[in-house]
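After this come two complexes, each holding chain A, first together with chain B and then together with chain C.
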Partner chain A sequence: MESILISLSGGLLQALEPLNLFMIILGCTVGLFVGAMPGLGSVNGVAILLPITFLVPPTAAIIFLAAVYYGAMYGGAISSITLGIPGASTAVATVFDGRPLAMSGKADQALTAAAIASFIGGTISVILFTLFAPPLAEFALKFGPPEEFALMVLAFATFIGLGGDDIPKTMFSILIGLVLATVGLDIISGKPRLIFFDVPGFLHGINFLVLAIGIYGIGEMLWTLETTGGKVIVHKVKLTWSGFMTNVRSVRVYIKSTTLGSILGYFVGTLPAAGATPASLMSYGLAKTFSKDPDSFGKGNIAGVAAPEAANNAASTGSMLPMITLGIPGSPTTAILLGGMIIWGLRPGPLLFSENPDFVWGLIGSLYVANLFTVLINLAFIPVFVRVLTLPFTVLAPIIFVLCIVGGFAPTQTMHDVWLMLLFGIVGYLMRKLNYPVAPAVLAIVLGPLAERSLRQSLLSSQGDVLIFVERPISAMCIAIAVALMLYPLFLAWRKRRRSGSTNGGPEGSDA
Partner chain B sequence: MRKLRNFFAGTALALGAFSISSAGLVEKAAADWAPRKPVEFIIMAGTGGGADQIARLLQGLIEQKNLSPRPFIPINKPGGSGAEALLYLKGKAGDDHTVLVTLNSFYTTPIIQTDLGVDISTFTPIGRMALDTFLLWVHADRTDISDLDSYVATVKAAGKDWKVGGTGSGQEDSILTAMMEAEFDYEVTYIPFPGGGTVAKNLIGNHIDSTVNNPAEQNEFYRAGQSKPLVQFTPERMAAYPDIPTAMELGHDIVYFMQRSINGPPGMSAEAQAWYIDLFKTLFESEEWQTFCVEDGLTCDEWVAGNDLAAFHSEQGMRHRELIESVGASAITGE
Partner chain C sequence: MTVRQAEFMMAIATILISLGLMWSSTDGLAIGWVSEKGPGSGFWPFWLSLGMLMCAILTLVRWALRLTPESRSTESYMSRDAVIIVGTSVGALVALLIGIHLIGIYLALVGFLIFYLKIVGRHQWPITIMLSGGGPVFIFALFEWGLKIPLPKAVTEEWFYPIYDVMYGSDHFWVFILAAFALLATISIAVHRLLPAGEE
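And now, the complex of A and B:
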């Protein structure tokens, strides 16, 4: 414990050196805007910034890239909330409630909640990182294919809370997502699957961000145009200091789901297979499942913004762990970070902690500092971002449209994805009109490939014996929690019916 | 502050040098080609594996040494044992801003997946950066396995319960696994993972029993005492592993290399090809690259480029066809 504190203070001092501090502030600011621009949030942004890092010493360079990465996690929420376009895949869950809040004139509340939740998520996760990095690296190693699959089942279980009351429509939405997730080359045999009309673009599968931008960006834009006829629909937001303080104080409303999301996000982030996107979606599902008012989710519940934002920031810190100790990057951005490390002769692996403690602790120290600066910079820019919403929708709609096209093109740089995104936009609009929940489809397409791969790897190694999932302790635990989660809404409904059935109310769930 | 001043001085010097050299280059400049937009640096494998590490190191060196006016952007296309990357490159015919860093699945995937319709001889050869090597690895805790003989005995006793991790059917580790199955007359269960880094991690976590990782993928775990190599599949012992015997020494004719080469799409312009050959030759000869090769057990003695590389590809393609026929495609795909 003492040695951790000494190393940490050394790392903090290192992060506060003038050059490193400057790189942190620069990185956070750049990252915030890179994250806020749909399509720029991808690899390209950081790749273009890589040359800057050759002007400074290695530790400062890595700190800069980490700060960009960190800032981008915050920034992703901004376009999700103000424009309804997920700036990055990690910010898709933020759209679910962030957009409805913005449409009802509460964009400042949503943005403040996103920033504060991100800060809490970042802080909790970096503290966990400081205290438990080596034991957690051990734990991550225990996660084999069966554990990964069990975790995915757990993630699917959090869906139950996501679809509203219409179970058949939710199931339909999940199944559509799962079918779309299987498009492309089979992961085990390499054979092509579901290549519609032999269009070669389908070989690389359906990019999840393309689907999300289409459904939320384009679909919502069409829906809003139809329902409002292009009039200004967002009331002018009054920005005052006391209003801001009220927003800050409202943190107690969502502190529970934020804390839960932070811890969940950190653990999911440390697993090399998962990453920040599943973490944020799972966190949203959990927040809804355990909310007193689950029906308000998807219609503008502040906890629905805070939970995924806390989780994706926590996961981005968590994913530094497999990068440092195993050399496995959890995302394209950490892959570039990894490249930077290799150039400077820093070999990621189990020995990096003991052989290059200055670098590792400098990086950890910089995360503390970056977290603080990003939340301050982010809060300072909220009035600017909110102003965007006071534009008439007839002006805003073309901007959204262009940003969606750019965002659809950027990840793979093929026109195929742009056409696909427009198609999903129309589908999203129709689903909205027919009252189908789209969130479960989005979740299924993210988790489907991960679940399929780990399922097939597990069954290969057990020679087809499904007991492998309950014989191993970690996976059995995940499956048990998943079953409990799936039954929880049923239990609530049963208790509600029982209560309303008996005149004076029965014993409080005593026989649960 | 001193740093900043150095930077400005450096910039001024560089600008000066540039204006002097550009004066001498005026006549040549018209014929020269250089990228006009970011170059897509396609990796036909997942993140964290050997090919990925190489691409990211090269990308960094290109930036650091300022060798290209536009950045190189690494993009992983690991699907279907590299089929995704090969099809992508095929679709980029005539494009001067896409290059591919290969594994041996460059040869094997088109042979095994016959319906892919990819002919690698149409691709534009640029240069061979290295020959990568393979070793047989088990977890350091396997005290019952100390050499090749005890390994073979243990695998035979375990039969199909023995799990070998790899990066996909048709990838070089699956071929090497099939070659070993044929040589030692046993059968194992082969489990594919997305990338060599993940394979290495699953060995350390005891989710699989053995791997045939490249040195780069296991070296850090080996140094940390978490895994151990049993045998190397090179003609002679590598400098990095002086105490580990080769399969040849033990009387088993298993030698297997993997080429790490750079290739363009079909129909790349001759000017662009010449520019890329120059670029990667500079990188190949750089001190950083040669150091990387030594540390990672890569063989980087000979620079092979252009038509020589095409000849090498055609010879390797034949050899892989024979290998696959001798062990049977089904032994590799597991069907």
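And now, the complex of A and C:
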């Protein structure tokens, strides 16, 4: 405990260094903007901005990106409340009560509640993070290749069991991500693999950013252009100081559901497939269940804004726990951060705590500082963000496209990758329209090389005996949970079929 | 094209992609156990591609049995409006990339931004000029000056020689950061001023 406090104070001091502090403030501001813009969420912001962070040292870069992630969670609420459309999928639940509040002229109350709840969620989760991360990392030091591989199988199994998307399509998405990661030179034998049509550009492999920017930059913009047609309508917000103080005092009305939502959000956030969106929806449901007046939810209950906002912030911190301690990202956004760490020459996983303590504790310290700054910037600049939302989408879209094109070129500096990125963007958009989930593919392309290496090392050490994965207790447990998760949808389908009898027996469970 | 037809075509496409990946994985690579060396280079991609094929076939079977919501939907896969806006954007992006190869990234960016802002967005000339002029300058400052990543300039390479002289003469991180953000601030303020109320 004492060692944690010492490391933490070191991390806080590091976060307050001029460059890092500047990065936090910049990141929070950019994140708020990214989160507030419909069509852009934390994952889009982080994917598009990652190439630009090569400007600064790795610690400052991850601090910036973590602040963007954080800010985006706050920012999502701004458009949910003022526009009635979620700024990011993570803020969907905020619309349910945020919109009715704005319609009845209480937009300022909803915005303040969202910001304060986000702050509470962020604070609770970052404290939980500080307490859980070091012991978990120490435990994970015992992991060998079989445990690593089993853990990755478990991470992918969460998509199948909890993702809620069509299962064959989810599995296809995972597998294609893993296969695309093998393109290029084989790390073990050095042989070139999957060099399609002998195009030399494939020899250096497919950088995960090419897929991530393609899908979350280009693909997302095409998707948003289609759904919004480029037009949005904004709700007026008036903010006064006295009104603000009244709103702050009303925090006791929703403090209980906010705390509950924060803890729930944190733990849901650590699961790779779950993350901030389901966490906020679950938190909303929980707040409604435990409320004395559940009927007022959906008609403008302030707790209905606070609970999901606390949960999505807590989940974003939660998703960093497996990334930092195990090297397994807890969300698509952290998958991109993880890929970034590999580019910066860091090896994600339990060794990070002992090998790069400055990096880890600098990041943790920055989460505390970022949380504070985001709530301040958010409250101070709500009118500015609302103004920004009035930008027509046809101004924003070309700017994002340009950033994607240049950002796709930057990591490898070949036009080959830019063309590939455009292709991934278009294909990703077309597949998303048919409900193929895209997040598993991005997670898979980041984890692919690590998964393959740990599998081959394991099999080599066991002389080809696959039982190695079930003979070791930790990996056996991971595999067992993974198998249970994969069978869970089948169980749901079976139960549903039994309940509905023979009248309507389609295996709909997999689509639930 | 209905969603049902699109689902069928995507299933066929994913089957073909899987087969292609399986075939590539066997191209001169061992997909089984190599004695002393463990699993061959093609082992991992081959068996994963086989898994992809299984999933794609399963999707096709579910399509045939009308089990997925997409395979029952008779709605249009892409509305006329969607085809227009998405098609124009994709077309403009392809033209931008071809432009980068032919006339360099900066001229191509100017062309792309003017097209998108003026013709697609129907914005006023001042804001169009402001963004299509300021955008490439900002990109230059950020990538070439800040990140030291030379972007492809094709035939316009020579135009930049005088700028390189200035650039590599002075090199200070904070100067760059301030310059970049001053520019960004100017552009954003200008954009806000110039956007007429009717466009909001």
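Here, the second predicted complex is superposed on the first by the 273 of 512 C-alpha atoms of A that agree within 3 Å, B and C clash if a C-alpha of one lies under 4 Å from a C-alpha of the other, contacts with A are read in each partner's own complex, and residues count from 1 in each chain.
Here, a residue touches a chain if its C-beta (ideal position, glycine included) is under 8 Å from a C-beta of that chain, and two chains touch if they have at least 3 such contacts.
Since the structure is predicted, the reported quantities are computational estimates derived from the model, not experimental observations.
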Notebook entry, point to check: Thinking of the overlay built on chain A, is A:326 touched by chain B (first), by chain C (second), by both, or by neither?
Noted result: first
Notebook entry, point to check: Is A:179 contacted by the first partner chain B, the second partner chain C, both or neither?
Noted result: second
Next item on the list: Using the touch definition from the top, say if A:5 reaches chain B (first), chain C (second), both or neither.
Entry: neither
Check: Between chain B (first) and chain C (second), which, if any, makes contact with A:343: first, second, both or neither?
Finding: first
Check: Is A:483 contacted by the first partner chain B, the second partner chain C, both or neither?
Finding: neither
Next item on the list: Answer with first, second, both or neither: which of chain B and chain C does A:493 touch in the superposed model?
Entry: neither
Notebook entry, point to check: For A:188, is the partner it touches chain B (first), chain C (second), both, or none of the two (neither)?
Noted result: both
Margin query: For A:55 in the superposed arrangement: first (chain B), second (chain C), both or neither?
Written below: both
Check: Just chain B (first), just chain C (second), both, or neither: which does A:402 touch?
Finding: second
Margin query: Based on the A-chain superposition described above, do chain B and chain C contact any of the same residues on chain A, and if so which?
Written below: 51, 54-55, 186, 188-189, 191, 413, 460
Next item on the list: Could you pull out which chain C residues touch chain A in their complex?
Entry: 3, 6-7, 10, 14, 17, 20-21, 24-25, 28-29, 33, 37-45, 48-49, 51-52, 55-56, 58-59, 62, 67-70, 77-78, 81-82, 85-86, 89-90, 93-94, 96-97, 100-101, 105, 109, 112-113, 116-117, 120-123, 127, 131, 135, 139, 142-143, 146-147, 149-152, 173, 191-192, 195, 199-200
Item checked: Touch list for chain A against partner chain B, complex -> 19, 43-44, 47-48, 50-51, 54-56, 141-145, 184-192, 200, 203-205, 272-273, 322, 326-329, 332, 335-336, 338-340, 342-343, 347-352, 413, 453, 457, 460-461, 463
Checklist line | Touching residues on chain A, where the partner in the complex is chain C | finding: 51-52, 54-55, 166, 168-169, 171-172, 175-176, 178-179, 182, 186, 188-189, 191, 193-196, 218, 221-222, 225-226, 229-230, 234, 387, 390-392, 394-395, 397-399, 401-402, 405-406, 409-410, 413, 415, 418-419, 422, 426, 429-431, 433-436, 452, 455-456, 459-460, 464, 506-507, 511
Notebook entry, point to check: Where on chain B does chain A make contact in their complex?
Noted result: 3, 7, 38, 40, 47-48, 52-53, 56-57, 59-61, 63-64, 66, 71, 73-77, 79-81, 83-84, 87-88, 91, 109, 112-113, 160-161, 163, 168-170, 189-195, 197-198, 200-202, 204-208, 219-221, 223-224, 226, 288, 333, 335
